[in-house]
Amino acid sequence: MFLETIRSEGLAHQSYLVGDDSAAVVIDPRRDCSVYLERVAAHGAAITQILETHRNEDYLVGSPELARRTGAVVRHGAAMDFAYGSPARHGDRIRIGTLEIEVLETPGHTNESLSFVLHDPALSDRPYAVFTGDALFAGSVGRVDLADGDRSENAARLFDSIHERLLPLGDGTVVFPAHGAGSVCGPSISDLPFTTIGFERDANPYLQLDREGFIARKAGELTYRPPYFEQMERLNRAGPPAPPDVRTLRPLAPAELAGMQVVDIRSPTGYGAGHVPGSFSIWRDGLPLFMGWVLDYKRPIALVDDFNLDLSSVEAHFVRLGYDNLAGYLGGGFTSWLRAARPVGQVATWAVQDLRERLGDVLVLDVRDGNNRGEQGAIPGSMHIYAGELSSRIAEVPVDRPIVTHCDIGYKGSLAASLLAARGVRCVANLIGGFAAWKAAGYPVAEGA
Amino acid sequence: MFLETIRSEGLAHQSYLVGDDSAAVVIDPRRDCSVYLERVAAHGAAITQILETHRNEDYLVGSPELARRTGAVVRHGAAMDFAYGSPARHGDRIRIGTLEIEVLETPGHTNESLSFVLHDPALSDRPYAVFTGDALFAGSVGRVDLADGDRSENAARLFDSIHERLLPLGDGTVVFPAHGAGSVCGPSISDLPFTTIGFERDANPYLQLDREGFIARKAGELTYRPPYFEQMERLNRAGPPAPPDVRTLRPLAPAELAGMQVVDIRSPTGYGAGHVPGSFSIWRDGLPLFMGWVLDYKRPIALVDDFNLDLSSVEAHFVRLGYDNLAGYLGGGFTSWLRAARPVGQVATWAVQDLRERLGDVLVLDVRDGNNRGEQGAIPGSMHIYAGELSSRIAEVPVDRPIVTHCDIGYKGSLAASLLAARGVRCVANLIGGFAAWKAAGYPVAEGA
Amino acid sequence: MFLETIRSEGLAHQSYLVGDDSAAVVIDPRRDCSVYLERVAAHGAAITQILETHRNEDYLVGSPELARRTGAVVRHGAAMDFAYGSPARHGDRIRIGTLEIEVLETPGHTNESLSFVLHDPALSDRPYAVFTGDALFAGSVGRVDLADGDRSENAARLFDSIHERLLPLGDGTVVFPAHGAGSVCGPSISDLPFTTIGFERDANPYLQLDREGFIARKAGELTYRPPYFEQMERLNRAGPPAPPDVRTLRPLAPAELAGMQVVDIRSPTGYGAGHVPGSFSIWRDGLPLFMGWVLDYKRPIALVDDFNLDLSSVEAHFVRLGYDNLAGYLGGGFTSWLRAARPVGQVATWAVQDLRERLGDVLVLDVRDGNNRGEQGAIPGSMHIYAGELSSRIAEVPVDRPIVTHCDIGYKGSLAASLLAARGVRCVANLIGGFAAWKAAGYPVAEGA
Amino acid sequence: MFLETIRSEGLAHQSYLVGDDSAAVVIDPRRDCSVYLERVAAHGAAITQILETHRNEDYLVGSPELARRTGAVVRHGAAMDFAYGSPARHGDRIRIGTLEIEVLETPGHTNESLSFVLHDPALSDRPYAVFTGDALFAGSVGRVDLADGDRSENAARLFDSIHERLLPLGDGTVVFPAHGAGSVCGPSISDLPFTTIGFERDANPYLQLDREGFIARKAGELTYRPPYFEQMERLNRAGPPAPPDVRTLRPLAPAELAGMQVVDIRSPTGYGAGHVPGSFSIWRDGLPLFMGWVLDYKRPIALVDDFNLDLSSVEAHFVRLGYDNLAGYLGGGFTSWLRAARPVGQVATWAVQDLRERLGDVLVLDVRDGNNRGEQGAIPGSMHIYAGELSSRIAEVPVDRPIVTHCDIGYKGSLAASLLAARGVRCVANLIGGFAAWKAAGYPVAEGA
């Protein structure tokens, strides 16, 4: 048996390739799916099955494309209509060479959610592992606000799926979830590479709750829903189009950026000291999590980095979220903009020492995830709007005082500052080091209500 | 300026990527053209021009595909009709950023052959380099048997192109030909990475001849023309189809090989001691030069190697020659065939010592290039048919005695032995070490008439 | 937490790199230890601890070298004297950044064997995983014949270690053993990438036995002990020397092979049809398992392949087993030998159909692992000597008849044939396809007593 | 023949690997010399000769280390004493397999400078190429201020070497110099990948001068000599020590940076908006050219980047200049510094529009190469000190007004600003976009006397 986890950074998405020396299955393939073909070739096997744990919301699946390239069969939950593939039902057993996959219906995160139990009949009758999709994570469980219907009902369904279908697989069963730490698909997922039923039964805070407590907690949870989710949901049912040939990205001259959506992927300090006016500040690793809050699917997108850096990994983020309108990057990096003597935008960067001194004079705008603010406390007097939601709630921000944006470390704060600057707010600063530095400096912390 | 040579091994094809920090040109792109996109991205430039020195015969060009991916313009000689691109004419000057390409019409190899002179006006008025296509090689010149019309006329045209258009560029001009050592597009090309007008004027044997001598030599030259050339010529005028997604190659079970064209890419010794009956023996590096002699474009092709080796480089050979009917490879390597207890073909392998002892008893079939036979001499009493031509001339081979095939070292001999074995000839041996070993052993050598 | 498995193919050795964003531990590093430095750098952490589960017998550890390069501390079991590092004792807790390793003494395979329990205190009090060394494998347990003392006593100790120390960690604990499928350190290890206490409790045949049954089975098990183990044991206690700069390997001319130990890494068919007389036939993937049976540590070693293939992966096998006397490879591959008209050795290769016909006329020498012979049966009338042991027992083989060697598929059979040929036995053939093909052909099978 | 150019970016150093299928020579190997071993292995040859064109000043040679690893012979000019290798003299002919290298003494840049003429006797008696070291570059010639003795005498010697020894090789001879565009070893080297005698005879401005004119120009040329040259010269005569195992670099905690030489390799904007107080700003690609001006060989060096980026290429720059005191990098990037709430340094970044408005109020400090200032003109009223020399001439800078540093684009300006800030100058800004932006904006330009 070979079993490989293919991780998509940022999304913290985990897909899996499992097989023996003849056949293989891919579970939840991503849209840039060449990786599965390369890996399976290394094992000398052929992909014969593609399984989806659920209709994903946060990225485009690669199932139709991978099926086209391999001739493999696609299967997903029967409780939703898909324009491609065929339904798998509770109790179905699917052969992958000498291995066997048993289908469990585990609704809750979505109605049609499935889990896939991996058996190696040559070794034992007991299951070796289970691919739990967004039902059960290391240290967490899936969101219940994305499925149709009432959150409490979804939470109840999820509780039952976990307790009646997953936990009975036995403590020794390995758990491979669809997401790892950092995903927006579940709160506070831990950073274990994988987990076990037994470890989760003891260590997962959600599994310490009874049904009522579980439902209450899940129903009341603060979650965010970026606007691009709608696009993903629609396309993942219809079948995403084949990925574009991203290699056609080309260097753009400064003049070509006019009218484009410009995304600056440099650090907050780099952005602060000089940038293309109107550009969004989204640091490289933050692209998958934040581009979907601010970019539209129409106007061409241009990237700005310091140099002509290798964009290969960055491109994939756009492919995965369906931004096929990525046009290229500023040739020669930000320096080209400067060389051309184009107007330069600036956003002040403040250290926590600076903010401490002038705390009363400015509006402090906290753009962290509200959960973090609640757990860790807040800078006294700060206003809160989550960075992702800021572009749609920007009218709520008073502009009668200088504004200092802040987040956990300084990245989302830079995005927020860029959104404010793009709207014409002139006196904006970003707190580099963010709340982490504020706390490390021992400065006063208020309730993060 | 950046200038990169992209070599396709086996074909000894050399394409070129030249540009500055904004724009780039590709000269004679191959069909698997991602390499140009990757390389140009590393330089932060964009491909704006694609130039073809001539309508190629030995591989499929990537011009239409590369144009589709980049938006670049394709240009080729005006003396032939192409279904894509637009004509370039003698004296045209094409700008590539700050660089300049001057077009020279240099017919002879084909009627519409062009050379491209590279100028960097910022440095000098004199040319820096010239891309000579198949007109002038290091130590050789192009074939004149492939163009329409009389060989002598073509040779005369080629002589004039070289002497009136290329040599006048000046000794200091760097020469970048379309082929290097090992190509079938010119005899005995030397293995210099590139050359200069001055070095060739002194060292190239063809440039030591006067017009008459040149024409006589070129018109009388022994050349071979594999049947696949016709397909290349037709498609290169029409515009080759986009390359297939070669990653879909899959492992095949022994039973699936029935009815396929099976190509065994192992060494002659490996093939000799056991092989799939009916398979062709073409060693890995010999694929580009010999598959076009024996494979058709219809029936699926299966490869056999020792193991599940990485096929990535091998696949490219098939793409370049348009064999989109490559189906896959024997999963698990030749061992799988054995495990399945399938019948095993064998071809004896003889060392030169063995042949020496039994020289009178056997038919020695020399399958070398006739030019080599002529220059180096022959094993006494041997019959000659070039390996490439053997499949169409196989009826000429008498089968009343055991046959020992031989070539230079033993690879083409194995191909020949495999062709004979496939036709049912039972007593076939291949001379490993070939003529090189025969000579090294000090055995008698006859005229290679 | 990051957790990576670094596998050494052939040896099926598994070492581990575990850490958080500051510190990391390596468990059982191999001698070519740059991989740990590269991987830990990718995580931005520093290696602060090196732990050995036991004094290894089958490869050289990289602990002293890795310690030299990182400044990390080396720890091993207290029940053996080592010339480097310091002892770890039952119950010790070692901090790796925010993680914690708990030491368990789990003797049996060797007296000083340790297991390391991995805790992430931020997540739970219960253990997440355990690194079991050679105590517990997926589907198997360690050998008990390598430790000092009585096999039964060692088996009893191993039983107690597993039942009293490992199983109590709980079903949900992940198990990371020091070896995977194919290792000689335990019989029939399954090919799971890792396992769990719970899965093993149900599926591991050894864990279904009571104490007495376990001891009886382990004490009676047929095992092999290659002569190089002694060198490994000695050096692993003393601390292996720094690995040589393997990049100094160079191409050798045919004449330079005189007096060297020549290892032919081509396939059995390639070897059969022609080889350097006196060379050992050990296929590429078989090197780690078989070179230690036939090579000495004194005379220079030369490799022969078909071509000048990339030797980078092959070199590592020699480094890991301490064969610092590897000198290089035959430049130009076996073809160079032929070109030079050197004498060529040959060993016949028989398909099973050939053997079936002449079964009574020949001595069939079965060189499989005796366990396989016992389980799967034998070719009627065959004699058995394990391939590894053949060079020391070669005098037992009668040479009055032609000999056909066979193994499972044909690789070890080729090694055996090469050993016989090197001793001057003239009539030797190797059965390609081996017992697998024999069985697939439906030919008669006798008891493999 | 194979011939590869190995480039060291930044230094614009070009070394060469040339050989046939058995033997190879390396010309001017760099200290991190594994690349030659990897490349020569790909060609299946062995390095038998190492040739040095001259005693280098700007980087450490790898000759002794490469000789140690290969057993090859090292040769350099006879006119200087070296502690390793042996002398090569004018007219010596050195065999490299079937190739031949002819030694030319071409003094001028240094007294013992050699050029190496490459012949392939199988092709021609005329030379194919010449490796000119620092005598002749594409578009330039070597410096004459580094050799002992009078500049004019050195210039005369260089003129004679070029005119009497190099040009007579013939226009068609390929020229491979030791440096490309960007090197400090010759002024305004052009960016051709290589050149020819003929092209240079026409296009090289220095070759258009007569002897007197040449001497006058070379003797009067403004050149810079970084302090680390002395270390290079000394060690290159003595034989540089083996390169350190750079993989031992480790992440450093913020507190560990105390007392270290901190080099910030981020962009000028990133540095400007926040940095470790006292750190030097040297952008990634500027490291090889500027670290030698400001770093000492004693105190440990720490790097700061945005993230935990892959440092593999950066490390090599330090190895090449002998900075074996590189200790590591700030773990987690500059963000770690912020998280720890450490004090943050800032340097203002001005766009040219900002400077234009306040031109009279500030001291504009031009830190460009004086040659550039001379050729392109200057910002009116600006003071000039070359960035490299600033640390030794810092006392010359008046601090009674705010200072705006500027260079060509903004990188060296950031280094200058960092040097001023480190000396306690508070009102410092760096002009991003530099003189290029100033000119592009159409602002007034004064004579750059």
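When the chains are written out, they are named A, B, C and D in that same order, and each has its own residue count from 1.
One rule holds for everything that comes next: contacts are C-beta pairs under 8 Å (C-beta built on N, C-alpha and C of every residue); 3 or more make two chains touch, one makes a residue touch a chain.
What you see is a predicted model; the values in this text were computed from it and never measured.
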Maximum centroid distance from chain D, chain identifier (CA atoms): C
Comparison of A-B and B-D by number of C-beta pairs in contact, larger one: B-D
Whole-Å gap between the CA centroids of chain B and chain D: 42
Between chain B and chain C, centroid-to-centroid distance (C-alpha), Å: 44
Inter-chain centre distance, chain A versus chain B - centres from mean C-alpha coordinates, in Å: 49
Contacts with 2+ other chains: residues of chain D: none
Residue ranges of chain A touching chain C (in the complex, touch as defined): 1-3, 120, 123-124, 126, 128, 139, 170-174, 190-194, 196-203
Residues of chain B touching chain A in the complex: 21-22, 34, 37-38, 41-46, 69-70, 245, 247-251, 308, 310-311, 331-332
Footprint of chain D on chain A - complex, ascending: 266-274, 306-307, 334-335, 338-341, 343-344, 346, 349, 351-353, 409-410, 432-434, 436-438, 440-441
